[in-house]
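The first chain written gets the first letter, and so on, giving A, B, C and D; residue counts start at 1 in each chain.
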Amino acid sequence: MITVKIVTFGIVRDMLDGQSTLYETLPADARLEALSSLLAERYPALRHLNALRFAVNAQYANKDVILQQNDEIALIPPVSGG
Amino acid sequence: MITVKIVTFGIVRDMLDGQSTLYETLPADARLEALSSLLAERYPALRHLNALRFAVNAQYANKDVILQQNDEIALIPPVSGG
Amino acid sequence: MVKRVAMIDVQLTDSILDPAVATAFVGGSQAGGTVVFVGTVRDQTKGKKVVRLEFEAYAPMAILEMEKIAKACKELFQVQKVCIHHRTGILGIGDVPVVIAVSSAHRQAAFEGCQYAIDMLKKEVPIWKKEVFEDGEVWVTALP
Amino acid sequence: MVKRVAMIDVQLTDSILDPAVATAFVGGSQAGGTVVFVGTVRDQTKGKKVVRLEFEAYAPMAILEMEKIAKACKELFQVQKVCIHHRTGILGIGDVPVVIAVSSAHRQAAFEGCQYAIDMLKKEVPIWKKEVFEDGEVWVTALP
């Protein structure tokens, strides 16, 4: 099993009841896809977003990436800087 | 007969031996074309310019405009502001 | 001895942004033209009066993404220096959340580079703004 | 009572230009984006070292033409305010001969308007520059 850190921002943090950091334990060969599904199931509000991207260790990541112990996963709702 | 004022700038002033202002007397119904030809004949260096435009009273003018007493004619070589 | 001059300046800060700082960074004796984009907090969105904006960022990634944009800008266009400054925190009407300055020998590249940088920033950099109105608030572009 | 706010500022001056002045003129609570073009005197032209530039203008007409450009800019693009400042006289390397600032609610119009204004200025406004080199001088673009 591995443990990953999840960080949230903006509306996603609101949807996760204000949690800006949480930890999740996953099977050793888990892909980002699995984490995504797990969160979508636990926090159905996430499905209302116009889009949701993920970053692994501060880089945008595809859902087929295999997660590693201590990875930092960011949930990125539509950005609106500028 | 009418008298018009001619003003020059940049390379045109150099081509007119440093004269920044000169006056020319023309027939009462003279067009800008006539003044242009007269100057081109008197100052052949003008023909070397990449382009030469004219302004009458601070507005770009076509050569068929009829000149009036006291008009201010500017000889405008290629501009290079900015 | 090789004199190295920084060609890229990226900053994420909660301090006031001064466009003159970004403009000065990219200027110099090789630059013929500098194009600067200054974003400003507007007093209304779709006719609704805005009280303030709150910007937050995923800071380490936002800085990486701004650096990527600045580097891509230099690769894609014939530009010399690129400066991207973004502010976070609470901003009032007329405050400046973003300044981008790009210099080049010839102006067309600076215009294209500056526009590219702000377009990409708005698409890729993990920064979010919440618009606060008199009767509520909304995370911009998050929901349909 | 009607409050009138100037939407156009055109200046031809022999004083130093400060981009911050132009930027401040066009800014405001309605502007979402401001695009500023700053021209700078380069240290070389086609590899030849420049010592200084000398700018001269047919002043009354240059001002009229800059005003025309500013007005056309407002008619052609969805921009709010337009500022065009041009300097005359002797300028050294790194000095600023021109600053154009354009603001709009949405940035695309400000980019297009600013680029239009500098393009038109370089085509239409009766201002001339002489490049002075170590071994001679030339009126720019006058001769083949």
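In the analysis below, a contact is a pair of C-beta atoms (placed from the backbone, for glycine too) under 8 Å apart; a residue touches a chain by one contact, two chains touch by 3 or more.
Because the structure is a prediction, the values reported are computed rather than measured.
With centres computed as the average of Cα coordinates, no chain lies farther from chain D than A. Separating the centre of chain A from that of chain C, both taken as means of CA atoms, is a distance of 26 Å. Computed centre separation for the pair chain C/chain D is 23 angstrom, with centres defined by C-alpha atoms. A straight line joining the Cα centres of chain B and chain C is 48 Å long.
Chain A and chain B have centres, each the mean of its CA atoms, that are 72 Å apart.
Residue positions of chain A touching 2 or more other chains: none.
Residue numbers of chain D whose C-beta contacts span two or more other chains: 39, 118. Contacting chain pairs in the structure are A-C, B-D, C-D. Remark: chain C residues 19-20, 23, 27-43, 93-94, 103, 105, 107, 110-111, 114-115, 118 touch chain D in the complex. The touching residues of chain B, when paired with chain D in their complex, are 7, 9-11, 14, 48-50, 55, 58-60, 74, 76-82. Remark: chain D residues 39, 55-58, 60-62, 64, 86, 97-98, 118, 121-130, 139-144 touch chain B in the complex.
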